[in-house]
Structure formats: C-alpha cells, structure tokens
Amino acid sequence: MQNNISLQINVDSREANLKLLSREGNQVHVLVDDEEYKLDICQVEQGVYSIIRNGKSYNVELIEGDSKKKYIVNTYRNSYDLEIVDAESRFMKNRNKSMGDESANTISSPMPGKVVKIPVKVGDEVTQGQPVIIISAMKMESEYKAPRDGIVSEICVAEGDTIDGKQPLVILE
Amino acid sequence: MQNNISLQINVDSREANLKLLSREGNQVHVLVDDEEYKLDICQVEQGVYSIIRNGKSYNVELIEGDSKKKYIVNTYRNSYDLEIVDAESRFMKNRNKSMGDESANTISSPMPGKVVKIPVKVGDEVTQGQPVIIISAMKMESEYKAPRDGIVSEICVAEGDTIDGKQPLVILE
Amino acid sequence: MINKILIANRGEIAVRVMRSCREMGIRSVAVYSEADRKSMHVRYADEAYFIGPSPSNESYLVIDKIIDAAKKSGAQAIHPGYGFLSENAAFSQRCKDEGIIFIGPSPEVISVMGDKISARQRMMASGVPVVPGTKDNITSDEMALEVVMKVGLPVMVKASAGGGGKGMRLVKKEADIVQAVKAAKSEAMASFGDDAVYVEKYIESPHHIEFQVLGDSHGNVIHLCERECSVQRRHQKVVEESPSPLMTPELRKEMGEKAVAAAAAVNYTGAGTIEFLVDNDHNFYFLEMNTRLQVEHPITERVVGIDLVKEQIRIARGEKLNHKQEDIVQSGHAIECRIYAEDPSNNFMPSPGLIKHITEPLGLGVRTDGYVYEGYEIPIYYDPMISKLIVHGNTREEAIKRMKRALYEYKITGVKTSIKFLERIMEADDFVNGKYDTHFIENNEEFLMEMDTCDETCEDIALITALVDYLDKMGKSETTVPAHSTSSEYWKNFGRRKAILRW
Amino acid sequence: MINKILIANRGEIAVRVMRSCREMGIRSVAVYSEADRKSMHVRYADEAYFIGPSPSNESYLVIDKIIDAAKKSGAQAIHPGYGFLSENAAFSQRCKDEGIIFIGPSPEVISVMGDKISARQRMMASGVPVVPGTKDNITSDEMALEVVMKVGLPVMVKASAGGGGKGMRLVKKEADIVQAVKAAKSEAMASFGDDAVYVEKYIESPHHIEFQVLGDSHGNVIHLCERECSVQRRHQKVVEESPSPLMTPELRKEMGEKAVAAAAAVNYTGAGTIEFLVDNDHNFYFLEMNTRLQVEHPITERVVGIDLVKEQIRIARGEKLNHKQEDIVQSGHAIECRIYAEDPSNNFMPSPGLIKHITEPLGLGVRTDGYVYEGYEIPIYYDPMISKLIVHGNTREEAIKRMKRALYEYKITGVKTSIKFLERIMEADDFVNGKYDTHFIENNEEFLMEMDTCDETCEDIALITALVDYLDKMGKSETTVPAHSTSSEYWKNFGRRKAILRW
C-alpha cells in the first residue's frame, strides 16, 4: 500500500498538488489541491484506464511523452499534456532556467518527415518569420520560420534527410 | 547476426532439427531437417509474424506455453504445440524419465474453473474411469476420471475452489 | 420520458443495447459483478454500479441488487437483455411495483408463455398449430394407443421431467408402443425419480424456424419474418440465417400470420420470438415463445432494416409501432455465426482465459457484436460466447462467401475458439445447398471435425517462427542490444519501436 | 478467367479490394515498398512482392516494377485502387500491351477525361452542361467583356496554370472586369510565370455532388445515384453522404441521365464518377470525371446494395452489367467520415507515428475500412488517411446519430486524428439541417475548432490517472513485487496477468 505520497503535476499553467491518501486494490483516495476524490481505477488495456467515481464511468487513455515524467492524457473530450514534478525535475528546471531558454533558438518540426529544402546556410542572417527549412510529410510540405531575427549558428540536418518529430533542425545564435 | 545456431524442436512425434544458416534483417535462411528455407520474417504485432516466402504471404500467431521453451503456434489452418529442446531440457527430461512419469498419476483440468464436487477422499481405492472430481466452467460441468486403478494419495483442492488450467487436482499413489 | 436505462446484463448484449441507447441520446447504466470490473459493458456505459460476487446467482440474478442499482442511478427503465432475469416474471412484476419500466412483456405474459403446458393450451385455443399429441401422463396401454391413433406414427415417448434424451423412445410401429412406454417409464423413474411420460408426434427432418414479432401497447402486432436456426449442437444454436432456405412466400405468410396470432393471443408487448418446428413438407408446429430479445436478432435487423433495441425502447415508452406489416420486406440474405471460447477438438470444452491478441473482421457487409478485447480475461462464471459475426449479402451465396472471408479475418489467440469449426460449416455441402435440418451437425460430424491438413511447409514455417521468436527472446534477456542487430535500418528501428510500445 | 489479381496500391483501399477478391475466390497479390513491409495489405494478401524504396515515385508509381511483379506472380489482372497509377493512361496502355487486364477504362478514355479541356469539349458535344465561360486565354478587354455578356455575372477570373487561389478574381460588376483580368494576369505571371487567364461563371453556394456510373464492354451504362461531397477542407473531401440533402427525385433523374450520357459519350467501361457543381437553384454543371474507384464509394455500396469492386472485376471479365437502371434504388441513408492522422488544432498538420492503441467502432450499421493496427507505424511517405467510417441508418437523422455513436467508440492513441473534428461536424447545425455547401467548413470554422470544455473534475481525473500510472511504473522499476500489492486478489491477479501478456 502506498500512502501519503505527494507529487506536483503541471498541466498548462496549473501546478496541481496531488496527495495519495490511501490505495487498496482498485480503490484510491486522492487529494487534488483541496478537492477529495475517491475513485475505483483500473488499467484495462496497456495505457487505458477505466475509472468509476460516484457511479460514473470514465475512460482515460494515457501515453508516455518524451520522458517518464511526461504524459499525454486523453479523457473523452479533452487531451492534456502533463508533467510530473519531483525533486529531480525541479533541479533540472532551475538549471535550465539559469542557462537561458534554449528552445527559443531552436527550430524543430513537431512531426517526423523528410527535409525538402534548407534555404539558409550557417552564418546567414535571418529575420523573424523568414523560412529556414521546409519539411514534407504525407504529401504535404510545411515551412518552418525563424522565431526571431538572428544568425544561423548550426544546421543539424541535410536536404533529403528523414527526421523524427521534435528533433532540432536549425539553431540560431 | 546469429549464424549456425542449431536447435531441436518437437512437434507431436516429430523431432525436427533446425539450423539457422544466416540472418540479415528480416531475411532468414534456415535448414529444417534437410529442407532449406529462405524467408522474409518479421514480427508485426506482439506474437504475430508476417512471413513472405517465394512471394507467398503467411501469417503466423504464436503464444508462449507453460514455459519459455513451449509455444502454441497457429498458421491459418493448423495449430501446433511446439517444444524447443536444448541441453537443459534434455537433462530435465532424462531426470523425469528416471523418476517415472508423474503425469499418469495426476488428474488435472485443461481449463480454469471451479471445483463443484470431489466424490473421493485421500486413501480411497478408485478404479479406472471412476469420476474423482467435477469442475464447472462457463455453465458447463465436466467430470474428470481416474486414468487407472489406484489409491488417492493427495487431493490438492477443495470443493468451491477456483482453479487455474492444468494445475494438479487429484494425485494417485 | 426515458432518458436513462439500466442494462441488467453483461457481455456482448449489454454493449449492444448501450449502443442503441447512445444513438437515442439515452444514458446507459451498467451493473457488474466482481469478475466483470474490466468488462467492456462497464467501460462503455455512462454509469456503472457494483452488484456483488462473480457467480451470477449472487449478482446478475439477484433482483434486489438490480433494483437497488436502478434506484441509485435514477434509471427510469431496465433492459434485461437475454438470459439472466430476462424471462423472470417476478422481476417484471417487481419493476412494475417499483415504478420502473421493464423493457419486455408483463409478468402475466412471461408466466403464461414460460410454462410449456399453459403456452401450448393458449396456442391451441388461438388456432396456432402445436405438435400433435398430449402433455398428459400416459397411465395405461389404451391411452398410449389412443394417442398413436390420433396423431399417427411415428411418435416420440418423452419423460415429463426429462431432458438430455433420457426417458425418450422413438416408435415407428404400432406394435412397439406399449413396450416403449414401459421402457421409457422405467428409465424416467431411474433418471428423474418420476415415471410420468407423454406421447407426441415425431417430426422427421425438423427445422427450427422462428418468427420475430413486435407488439405495442395499442394492440398492434406485426412479424419481421423468419430466422432459420437449425444448425444446432446439443440444442444450442450455432449458425442462424434469414431468410430460411426452406421458406416459400406462401409458407412465410401462413407462419407469419400464426406468429402474429400467437403474440396477439396474449396481448404481447415488446419484441418476442415464436419458435416453430417445420418438417420438409412445410407442416409447422408451435414450439415455444421467447419473451425477450434473441441472441440471433441481428440477422433480422439486417434484412428488414430495423433496430430491434430501439423498437423495444419505443414500445416501452408507449409509442405505436413504426411499421405496418405490409412495409416489412426481407432484403438480401443475412447469416450469423456465434463465436464461442471453446475447443471443438476437445468435445467443445469451454476455454476461458486471457485474450492475447484479437483482430476483428471489418469491411463491407460485416457486423461484429462482441465485447472482448486484447488483454481481457474471459471469466469462468458466464457463457462462453465471445461474439457474434453477422454478414449480409445480396444473395445467400454471397453471404456465405462473405462469412468465410470474415471468419478468415477473425483472429483470436489466447483462448480456443469455434472459428475453424464455423468455417467448416460454411464449406459443408448440406449447408451450402441449403438442405439441412436440426440433424445437420450430427449428420456432418466427420466433415466438420476433420482436421485441416497442411503440407509440411506449413509446419516448417511454424517451426521457423518459433525459432526466430525464441532466439530473439533469449537474445533480449541476455543483452540490451538485440542479438540480431544488423545493418538493416528497418530491423533496428523495429527494436526501438517495440521498446516504445512496451513502456 | 481471372483467378489472381495484383493490387497496385497500399493502405485501406488495397485491403478493401482484397476483401472482395477473397469473396470471389480470386487470389490477391500485394506489392509493397520498404516502408510497407508491415502494412496490412501485405499481411492480408495471398502473395506479396517487394517493389522498392519508400517514396512512391520509386515504388508504387514505377510502372515497370508493377508489371514485373504481376508477371512474377502470374496475375491476370491489375486493380489500381485510387491515386497512384489509377488514372495513368500510360499504365493502362502498358497493361494492354503486356496482355494484363487493367481493371479500369481504356488508355484513350483516361486521356480524354484526364484533360480538363478535352473533357469539357466532349461533354459539351454530348449535351452535358458545363460551367459557362471559356477555357481560352483572355487576350483582350473585348474578349473578357464578351464572355461576361454570354455567361452573366458574377464571374470568376482564373489562371490557366493556376491553383491554390492564386491568380483568381471574383467579379460582380461589369465595370470591374477589365481591371480584374489585368490584376489576375499580373498575379498569375508572378506566381506561375504564365499570364494566361480565363473567365468562367461564378457558382454561388456550390454543392459538390457526384454520380457513380458503371459501364460494361457491351455498351450498357447505368448510374448508382449521387454522393454529396460538399464538406471539404482545402478542396479535400472530409465527409460524404448519400442521398444528398439537396436532391429531389426530379433533379436526381435529370443529373443521372446526364451522368450516363457523359459516360456513354466516351464508351466508358468500369466504375467511374461524374462530378458536378450544383447551385441552390438546382442548376448543375459538369466538373470532371474520375475514371476510377472513389475513396467515398462505400456510401453508394451501402444505399444501393452493390459491391463496386466486385462489379469492376465482373466488367473487367467482360460480363454484362448485373443491374438495370430501374433496379437501382437508394435505401436509407449512408454517411462516410474520413479519419486522418492529423492535428486539427495545429492547422491540420499530418501526424504520422506509432499507433499505440486502437479501438474500432462495431455493431449495427457501422462499417470501418481501415488498415492500421496496434503497433503499426504510419509511414511519412503516403497519404495521412487512416480509415473510413461508414454508417447507415433508415433516415438521415438516424445515420448522423449513429455516426456520432461510432466516432465516440473510435479510440486511437499515439497519433493525432481528426475524430473530434468530425464529431463537431456531426453536431454543427448547418450539417444537421442538411443546409450546407462547399463553404461549410469555412463558414463554421469557429464552431468546428472550438475546444471541447470539461469541468475541473475531468482534468483532475486525468491527473489522478497519471499519478497512479506513474507510481506503478516507478514501483515496478524498483522492485519485482509491485509496490501496490494489497490483500485484494483481483489486484494481484492483474499484475500477474499483465506479466503474462507482456512476454
């Protein structure tokens, strides 16, 4: 039995505090911020949970994100990107903050695809909104643009390359 | 790459010798007894393989049996119970042989269910074909009979118990 | 107004009822036993209430628990499905007493039709033909001879308390009747402790053909044509089809009228089924009435184009029937196969267990009504039916070929199933030619049970697959890098993807 | 005699064609690129041949490779599906030259109908109405004014080399025409390096309605009624239905006759589709002909009860049409939704990836034509369509409700899909009322894109689920005994079963 475990989970701008008060078989008793929940929860398929609360039946699907602490959770109507925050992730976050936000400098594609064209080269000055890479996936081409003015410091891929989703493609100085 | 691995696989009374001659990605080259096979084989779902041989497409499903070395393999038309024999399993088999065949003394049910009735008790003399235990599953009752004349030496379950498939129920001396 | 319905059932029928509720904008309430927490009907429903231990007599059959869940949830009506409490007059009465709408007929109708003798009497009174003979105990040789004189040979002597063929004797010659009654009585006494026997006309080559009826609370009754249900094993239906290959328009009209008369005789409301025995000469006899939805109702839905669950709910709401008799026409041909978790090669022993992998047939003209899913463990407590496969074609020939195609696509591993056995039925000459009666399975046993053969290649491929799987498994448990890593990018990616899939 | 067919395609359409082949006792041959080794069409086929790298111009579009596979397999015929080589006259010609039956029209017909100008001329010559205007380049102000005089206002100026709205100008007043032509020419030159523009009547509130036709090699042509395809996003069909809510029996008869005339004008053989633009006043204009099976063919199959792939094969075998025009009636109402791997909330960006979990809708009146399965990775090289969901109901209202029920049941995780967007379409007033044209999606964008809201409970339940999953995952990786072991037998069994499932 796991009792009195506390965790923070972030969803969008919300930082929710969850406290597991008790768990006995399928029955869990959890405090989410100040709200108490008594649920019957059980995993029915891999990544699929059936939940019964006060007689209402919910189906929740859950996929692990980029790390063990990130989840995409689908309820019937909504989809949530969640991140579980513990001591380790707080430390990482603080360190990243002090190092400055890397992501604003990196152009990446949310989906896998193929690099069609890179109309810039390392050292080029680019202005905000200027296309820096064109990716094709499923017969559709998408232009990715510079998020700000800057100089191209690195191009991580070549024309014709097959890329995974979310990998860095072009980095600005 | 795994080359020149040899294994014996038993199916019914056949003891087949398999030799992996080469394997490169999906392409395997195997000798089954004296027959050569070049196949394109790949696992498409858990326990489901797609095989292409000389342009013919086969689908094979495979489930692990009681042990890691036992498989139930379904081709479209047939179902095979296979056992992989290596040095370890040969040793176990010989040991079992010298200890006498246990299985002829044990009455078990191939399916899970519930014990409805045990019309015998330890020490009872039973004759071949005499019902020793009655199991119910899915609204159907099945009688299991003594495989030979003998004396009941052990009863492993009680009336009302829920049983798994293939577990020993009644043992004769 | 019904906006919430409790479904007092489980398995495929519970899910099937909930589907129609959802299409009507009605909320569905599931009830579940301990073994059914993960069952699909609980996941599918809008609400779900626990009703006790796994054995059905401690949960699904306990009227108090069902009523309690209905009250908790605020459901205005209860749909009983088939089996369990669906033909229980006391349950229908209790719903009435509690002010809950029972989606089915009144307690009185269930009682009358549930008793074989009262049903037979009511049918005779309404001009519906019954199997000639008597249900009275034969108390003298004279009485036995009298019945034989009246109904004609051959006759069947049956034990009143009977079942399973015990205490039954077929008599083809008048000279044998006295001896047969004597023998049957002695066997009946030995088997059931009751020597009462009766004599009935023996129907040769009997077909089990049933008519779907619908009755509303305004006195309207119609029939939705027939279902042929003669493919049976131990009195259990295995394959059903509509129309029946035996049927003619004249016979359909005549039987349909009698089916409507039978339902009208008891002021039937809701969906019900009149079962008939029909011989090769088109004589037909009332067998019994099922006062509920049948397992095989989807073939009727497909050929007449009516959602029977929606009709049941509309009737329960007090609405008039949507259709007139003359609007009802069968279009094309539908066949249903029942997929059981059982082992045909081992005397059809039930095979509960964990579904490791399932692929359901899809595409044109195929409907699957099931409830199991990958990772679901079929409980030992209930019926071994996994699903129903229903196909439709423009002709019977097309429907049979489509069924074969669908059965080919249907893959279930983890439990044994009847799928291959059903494929053999679709290939049996008697079935293909539409020339079969209730003796079909016993007459074709050898063909149906024949092990499919395969050349050695097939077996060798099975061996090689096991080899490859075993080596990968061993490789994986020894090293983190798959032992079979090669230069092929695809193979490497496969390992990576599988790792992702398995988190 | 055709007993083996090569399907020169992939994805859902390849599987769909193979299903009909199997029902006809015809062996099917798959071809596959590197990315498609695990695709369902390879698993489903009786035979499978590798044809090269993943990009379709190195595999599915290479005529030599397809012909080579056909010869190796001994297939007597090739079914091209839709897309890829299905409307390639050179491919049709090559099949002919090689003595392989191309399941589709002759190279000449594909050529004539494939070219917009020649198709338009042929249609005008056969009395089929086309959009008034000209396809000739406007070379003078007088010429522009002349066209406006002839066809009436409003008109649209379009670039001959055009596409994507560039070089297009809507003109409502005569005074604006000269300036519009000038602007369009300059834009066309800038965009396409070609300043040719033409002037066409502008159709307000256009409906995209198409007629399915069948022609045999004996000169018989029939139509199988219409499909309404006005729910489009960027000229891509999203939802189709049959019958069209706009249709009247008179209009259907008139358009059907013109569709038959259009097909007869080119001695059309096989299954084809005549696309029309229709305005609210029931004026209709030939748009183009698709000389192949359409993605949305299943809704026609369902309402007229004809398996179109089987008809294609029968026609290819030289048989006469099975049906006469007067036998064709639409029964009930069918709707198709196309399920794409795309992210509606991110500008409908394609979303290839690994299918982690999928549950397909089943039950009465639902057909799913798909090809993905759990563990399948949707490749980046091809169309993002995952499957088509087709429902049928007795009325349009029932069909819409059934579609909503089916979309509710459809669960796919691992990739983003258009399922929720389709649910919104089924709820949009304009769609529900059947009052929509090709502007439907833009007109309803706000409603369709609205994020579904949920009370906080919903979000909290998502959080709790993640918590439970995370704790279990952490527990598992630290100890072999699950951290949450309790006295509950069910919970313990769950762990054990999952271990079994995961070997």
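By letter and in written order, the chains are A, B, C and D; residue numbering begins at 1 in each of them.
Assume a residue touches a chain if its C-beta (ideal position, glycine included) is under 8 Å from a C-beta of that chain, and two chains touch if they have at least 3 such contacts.
Only a predicted model underlies this, so the values are computations on that prediction, with no experimental measurement involved.
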| item | value |
| --- | --- |
| Pair joined by more contacting C-beta pairs (B-C or B-D) | B-C |
| Computed distance of Cα centres, chain B from chain A, in Å | 45 |
| Distance between chain centroids, defined by C-alpha means - chain B, chain C (Å) | 32 |
| Whole-Å gap separating chain C and chain D, where each centre is the average of the chain's CA atoms | 38 |
| Inter-centroid spacing, chain D versus chain B (mean Cα positions, whole Å) | 48 |
| Residue list for chain A, restricted to those that touch at least two other chains | 26, 42, 45-46, 59 |
| Two or more partner chains touched - positions in chain C | 37, 44, 356, 373-375, 408, 473, 490, 498, 503 |
| Which pairs of chains touch, using the document's own definition | A-C, A-D, B-C, B-D, C-D |
| Parts of chain A lying in touch with chain D, wherever the complex brings them together | 1-2, 5, 7, 9, 11, 14, 16, 18, 20, 23-26, 28, 30, 32, 35, 37, 39, 41-43, 45-49, 51, 53, 58-63, 68-69, 71-78, 80, 82, 84, 110-114, 137-140, 142, 162, 165 |
| Interfacial residue positions of chain D with respect to chain A in the complex | 341, 343, 346, 349-353, 356-357, 380-384, 408, 411, 413-414, 420, 451-454, 456, 458-473, 475, 483-484, 486-488, 490-491, 494, 498 |
| Chain C partner contacts - residues on chain D that touch it in the complex | 15-16, 19-20, 22-25, 34, 37, 44, 298, 301, 305-307, 331-332, 354, 356, 359-360, 362-370, 373-375, 377, 394, 398, 401-402, 404-405, 408-409, 473, 490, 497-498, 500-503 |
| Chain B-facing residues of chain D, complex | 29-30, 37-38, 42-49, 72-73, 373-376, 503 |
| Touching residues (chain side chain B, partner chain D) in the complex | 26, 40, 42, 44-46, 50, 52, 55-57, 59, 64 |
